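Single-structure report; data block below.
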Amino acid sequence: MSSFDVVLAVPLCWIAVGLFGLSSRASRAQHARIFFPLGALGGLLLMAAAYPALSGEPHSLVLPLGLPDLRFHVRLDSLAAFFLVLLGAVSAGVSLYSAGYFDKGGGGQIRLVCFQYHVFLASMALVLLADDAYLFMVAWETMALASYFLVTTDHDIAQIRSAGLLYLIVAHIGATVILLCFGILQLGEWSYTFDAMRHNTLAAGWASAAFLLALFGFGAKAGFLPVHVWLPEAHPAAPSPISALMSGVMLKSAVYGLLRVTFDLLHLQLWWWGVVALSLGLLSALFGALFAAVQTDMKRLLAYSSIENLGIILAGVGLTVLFHSYDMNALAALALAATLYHCLNHALFKSLLFIVTGSVMHATGHRSLGKLGGLIRFMPRVAAAGLVGTLAIAGLPPLNGFASEWMLLQAFLLSPSLPNSYLSMLVPVATAALALAVAMAGYVMVKFYGVVFLGLPREELARAHDPDPWEQAGLLWLALWCVVLGLAPMALISATDPIASALVGAAIRDSVQGSSWLFLTAIRPERASYSALLLLAGIVLTVAMTFLLVRRLYHGRVRRSAPWDCGFAPLDARMQDTAEGFGQPIKQIFEPFFKLERSQPSPFDARPLYRSRIEDRIWYWLYVPVMRAVEWLSSLIGILHHGRIHLYLIYSFATLLVLLLLIQ
Amino acid sequence: MNAGFFVSQLLQTVLAVSLAPLMLGWVNQCRAWLQNRTGAGVLQPYRLIIKLFHKDAVLAHNASWLFRFAPYTVFGCMVLAVSIVPILATDLPLSPVADLIALVGLFALARVFMALAAMDVGTAFGSLGARREMLVASLAEPALLMVFFTPALISQSTALTTIVETLAHRELTLYPSLAFAAVAFVMVLLAENARIPVDNPSTHLELTMIHEALLLEYSARHLALLEWAHALKLMTYTSIGIALFLPWGIAPAGQWAMMPLSVLAFLVKLLLAGAALALLEAVSAKMRIFRVPEFLGMAFLLAVLGMLTRLLLGSAG
Amino acid sequence: MIEIALVLVLPLIGAVLLALKGNRPWAAELNASMSLLTLLAAAALTARIISQGPITAWHELFFVDALNVFLVALTAFVAFTTALFSRVYMRVEQDRGKLSAARLRLYHSMYQLFTLTMLLALLTNNVGILWVAMEGATLATVLLVSLYRTAAGIEAAWKYFILCGVGIAQALFGTILLYLAAEKVLGAGGTALLWTHLNAVQSQLEPNVLSIAFVFVLVGYGTKVGFVPLHNWLPDAHAEGPTPISAVLSGLLLNVALYAVVRNKVLVDGALGSHLAGHLMMGFGLLSVVVAALFLSRQKDVKRLFAYSSIEHMGIISFAFGVGGPVASFAGLLHMSAHSLTKSAIFFAVGHAAQKTGTQLIDQIRGLIHTSPAVGWGLMLGSVAILGMPPFGLFASEFLILTTAVQQHPWATPPLLGALAVAFAAIFSKVQAMVFGETTAQRLPHPPALVPVFLHLLIVLLLGLYIPPYLADWYRTAARLIG
Amino acid sequence: MSFPLSHQVINLMACLLLLIAFAMLAQRRILRLIYLFALQGLVLSINTAVVALATHQPHLYFSAGLTLALKVVALPWLLHRLIDRLNIRWDVETLLNIPTTMLVGIALVIIAFNLAVPISQLAGTITRSSLGIAMASVLLSFLMMITRRKAVPQVIGFLAMENGLFFAATSATYGMPMVVELGIALDVLVGSFIFGIFFFQIRETFDSLDIHHLEKLKEKA
């Protein structure tokens, strides 16, 4: 039983679990307790089996399914293996969590949820394993479909229905575009396998078309501008574990697809592709950060932050293309490594944060930041996990978020060595945008954590308490990986070596010489180096020393009293900053970016009322006009079907004459 | 890796940590002089800190572990930061631990803990301070990175030691790009260290305060640590500035003879820098909070300009 | 031989029996069982073709090859399942007093007659008889469309009759021209109208005449296929007729008409040596897809909605056949079969939904999934399948069609893409609203006939994931015939 | 020396047919329309007979008889019965005024003839011109269907179109094979029965045979 077999077996097991779940008549609690842990087990297996495949020959296999002349081809190479590890790691945590989450209700009939959940997992695994366009598309759309049904679990709420609808429409259009991209890549006559595509040499024009189609199609799934609109709607609508999987893994499958097409299936890369991807990525990153900063719903906030992180990842991809198109492969490898690593990190901390919000919602029944607060005292464990996630996503050392961003910035810093002078000047500026986005993320996450867990509860939340062991296990698992990957980045980055050598023809080893398990370096140690472990050690050491010294030299006496607060009147929760208030400066500074509706109270109002609504300009610039156009056309076309039989006869008469004259 | 490393490391750390309050005192003293006041004396910060250590800590009822944990973390971060910057000599065992970018990250870590702690008690001012602090920081951070990138480009490295080696110990060349960077750096420094014109360290007027609002609920040893950390931060920034823009006099690797000299040079630079800072603060007025973005935007612009000049002029820039 | 006879005679017997006894309570069962027998005969015929290859019968009056036997099997199958569905559906209609026993008699015998005409059209080797059968199909269904005798029903039927009648007349003229051309080569008399002989002498036929002939045939049979702008009868007839009839119209009649067009296309392209016919079909297909998509987004009546979706899919199929080549033709055939299965399944579900809610208006049908999950899921999954979502068979064909189109006719992809997107948004937004949310539906006296729905969907699912070898060979040979 | 004679006769019949088609197009009174239709049938059957005579094709006699029975006797009688039963004797209202219709008709004839030229090259010596005329009369009856507002004239137009087709079948090709002929005839018969049924249905639902009652099914804006 090779690791390949295991990897293939896991999706099947997931489907089986789903089917059993669908057919079983167990009670809700039993159901959750039995099937989701099984799913988690599958995740662990997948992770364990895929990791060795990172380094090692690609295995491939042809299944006796699919179209007659186009059987399902599966292939496990290092790139797929990496994302499979990602999937396994995240799904293990989330499934554990779900075992606790779904037995408390909060989402339709558990049997359906269980089925769709596991089909969702399996389809994601198959997307990564697919080695021909057909299986890929089947898995891809199944993924979309399963997630759609999961998003609309509570479909009695109109808002959730419309969110799901928007999601599925965008997803399907994206999928069709990807399909066209494969249409360009294939050689005709049933040669749809990726293997055939690899040997297909396209003209630059066609290749560019394919790349742009792929960028659009996969972007629609990853939530790049301007096809991001579904994301902040769908993520909050879904049950939290689902949001976690969607944000954590599904978006990454889009990144995988983009990488697969750009570096594996297309035989050439042009520099301007890189520029397009880079600028699009940075735009998305800034956009996501800004909008996240002004959200008042914690899941929306996280959704926008997903847009931001995916933007960063896309920028990384763009940089890789840029370097690779100029044959600066070592640098390309560095950028690629950073990108992949950020994928993994984002998967972990974002899903962690999403399930944290799940626990919070279950404990308090609220998801609006305006109602929460002070939970660190009611649910300390969740708060601790949340803190890890927050620090990680805010890109703070020594956690994993920082490691990948550090590498990415290093890669950006190397860009001046590009031969094209425009690029070498523009890319540093792009770096600034990236830096701004990262800094914004810090702002956003302080807002998130501070408003949810710190301060005083803004509503009565006394019944809030830590969740059951299953949920805690899930939280622990993901938080643990955030820390581990933060402290020992090199371990995994060096493991991704084969990917870089396969895709950009240079091993990361070349781009990070002299780095050890302890030190993460870029190019040369003296060029730049960073060691999270020592950093942490240093901090811990100093903290410990200071603590002891203070205790020894002085004392540790503590008195409790009411907060001082500049000697104001006794405090109440309403005096704190709300999420609204916390976002206000951003709103004010970056006002042009938002479509803002505000009604401010006048000083003389009996009951002063402040209302403000933030909307997405892109929606009004792009989507509304398109919808209008379609409406207009269809209202126009209505005249065709006018009801008068003479008219219909004239149609067919005219058609006849036109055709007759046509063929003359 | 002989003992020498650790000696110099230890020396630098101890020196920096112990001198930090002095630096702060010196700046305040200069300001007093410039305002025709007899100041409290350069040792005032020490007195303050010691006094605070003696007091009993008073915590709000609902203060969580985060609140008590934060001061130590912040202090720890700052100590680590200051011991990474090459102040006396470039051969520091700790310097490979974090390059400039990681240093920025370290500051960010401290800041975030600070802000979270401020929000913990749930006072109006705490969250107000946190919000403003994060706002200023999120705008200052990119500018700071940009500032760092110029020397990084010159020396093909983001490791401070390498930069210093390149700038100080090669044949002396003047980099116009660094001029831009330097100005931008000063602006960022003012913002990050809560100095006028961005913030006024010597006021508790709720409308204007940023950094002080974070400390409102703290008392005794926690407050002491935070004050000290604040001083350390100023120290660190100054020494980074020195390392980047006036690195001459920092001892190259393994030259113990130069050590005393470099200590002396360092002290002189500190004095000058402090005086200059005081002067800057004295002549400028505190600006409205929403002017700050423009201020930092300017800094950011200058930094980018610096980098572009560097790219334009190539090796001569 | 005997199978062919059975396939044709059984429905005839059924028609006669039901014309006499169609008003009895067991008429529905009789109807279903006759359809079942027909299905069995068709299955036997199919088996024979698979084992023996093409056959002709009765001095070449009948000709069965891969292309039409697969349609015969499909037709017999859908006719049978629809009969099962109509058993329940019509009973409810009768209980609701919408239909008298006499009407049911008409309905049942006409149902069998309709099956007969379609099978005849498929099986015959004679272009003229094909025409006769097509006309017969119209005549058999036209009274069923106005079965309820409502004003709208009669109007729909009238339009159906006139438009298709005129259309079919064009087709006859085309056929005559074809005969005119053929007779010069094959000499007067029967043989000049036989596919088998015509195909043999394709290249010698007079191109001018054939191109004109094809125009008439295309416009003629195209009217029945529902090509825009000849489609106007289609949504009315689907919406106003009883649901089983909508199901067979969409699922079978359109296919048969398209089959007639395709047969002629093969002939004409062979004769002209150009790709004229193909391009015409592509043009009509594209136009139909785009216009139908736009129509979809403004429908208020659920049956009209899916009628327009049929037009759209016919457009896709004829586009595929127009593109031609092994892959596209394969895809066209696959799409043909998958579409008729899915669409009829959808109509079954829609029929039940309409009966439960007592209306066909989309915005009065809500939350089916609450009162009857099976119907709700049937409709949802059916729509998902019809919209070309995997792993259903329609996705497979759309996948092949689009990918081929990108390479061979890139210009066609943008309108196709846009139309598919619009259609998706239009249909799914409406279906979601009907299936999810608070409910307006109530229980029915009779349990809904869900076996046909899920049976069809299951087959379509299989077509997407695994096509059994013999079926695949069958598609391949058929695709080769179409070229 | 009958060949040239038959040739002339056939051409004469063809021209008559065209004439009748125009007459129908111009016709305002419904009864006359029916008579004209019957006349057309008659011409058709004579023509068929002549062709049969000329080409010695026995089955054409049969179809000539069939035509006579069906299109000269049965259908006109049926229609007559209908309009008696439904007592509709009013004028035929047209959508387009007659002169315009005629002009369009001329245009159609030109088109038809031009289309027919290449085919006529191919067609047998007897019937050089007839195919064009057949196509013309088909198109003319189509035009008539379009321009008539009442149900009955539309149906007559439809049947006239059938006649045109039949004429094409007999004169261009010496008639279709027997099976097909029978089939077609059957279809026509059943068709016209169903028309009859419809007239009654329409009548009892809308108590009028005016088509404009049948314009309810449309896309509501």
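Brief remarks follow.
Per-chain numbering from 1; labels A, B, C and D assigned in written order.
We take it that a residue touches a chain if its C-beta (ideal position, glycine included) is under 8 Å from a C-beta of that chain, and two chains touch if they have at least 3 such contacts.
Just so it is clear, the structure is predicted and the values come from calculations on it, not from any experiment.
Judged by touch alone, the chains other than subunit A, held in their current positions, sort into B | C, D. Of all chains, the one whose Cα centroid sits at the greatest distance from that of subunit B is D.
Looking at contact counts per chain pair, the maximum sits at A-B. Separation between the centroids of subunit B and subunit D, computed from CA atoms only, is 101 Å. Here the spacing of subunit A and subunit C, counted between their Cα centres, is 44 Å. A separation of 35 Å divides the Cα centre of subunit A from that of subunit B. Each chain gets one centre point, the mean of its Cα atoms, and the points for subunit C and subunit D are 31 Å apart.
Touching of two or more other chains is recorded for no residue of subunit B.
Shown for subunit A are the residues that touch two or more other chains, namely 635, 638, 640-641, 645, 649, 660. Within subunit D, contacts with two or more other chains are made by residues 115, 142, 145, 214-217, 219-220.
Chains that are in contact with each other form these pairs: A-B, A-C, A-D, C-D. Interface residues of subunit A, counted against subunit B in their complex, comprise 373-374, 376-377, 387, 391, 394-397, 402, 406, 409-410, 413, 416, 421, 424-425, 428-429, 431-432, 435-436, 438-440, 442-443, 445-447, 449-451, 454-456, 519, 522, 525-531, 534-535, 538-543, 546-547, 550, 553-566, 568, 571, 573, 575-577, 581-582, 585-586, 588-589.
Subunit C contributes residues 158-159, 162-163, 166-167, 170, 211-212, 215-216, 218-219, 223, 228-230, 232-233, 235, 276, 280, 291, 294-295, 297-298, 326-327, 369, 384, 387, 389-391, 395-396, 399-400, 402-408, 413, 417, 420-422, 424-425, 428-429, 432-433, 436-438, 464-467, 469, 472, 475-476 to its touches with subunit A in the complex. Considering their complex, residues 95, 111, 114-115, 139, 142-143, 145-147, 149, 211-212, 214-221 of subunit D touch subunit A. If you check the complex, the residues on subunit A that touch subunit C are 64-69, 133-134, 137-138, 141-142, 144-145, 152, 155-156, 158, 161, 164-165, 168-169, 172-173, 176-177, 179-180, 182-184, 186, 188-190, 192, 630-631, 633-635, 637-638, 640-641, 645, 648-649, 651-652, 655-656, 659-660, 663.
Every residue of subunit D that touches subunit C in the complex is listed here, in rising order: 115, 118-119, 122-123, 131, 135, 138, 142, 145, 151, 154, 158, 161-162, 165, 168-169, 172-174, 176-177, 179-180, 183-184, 186-187, 190-191, 194-195, 197-198, 201-202, 205-206, 213-217, 219-220.
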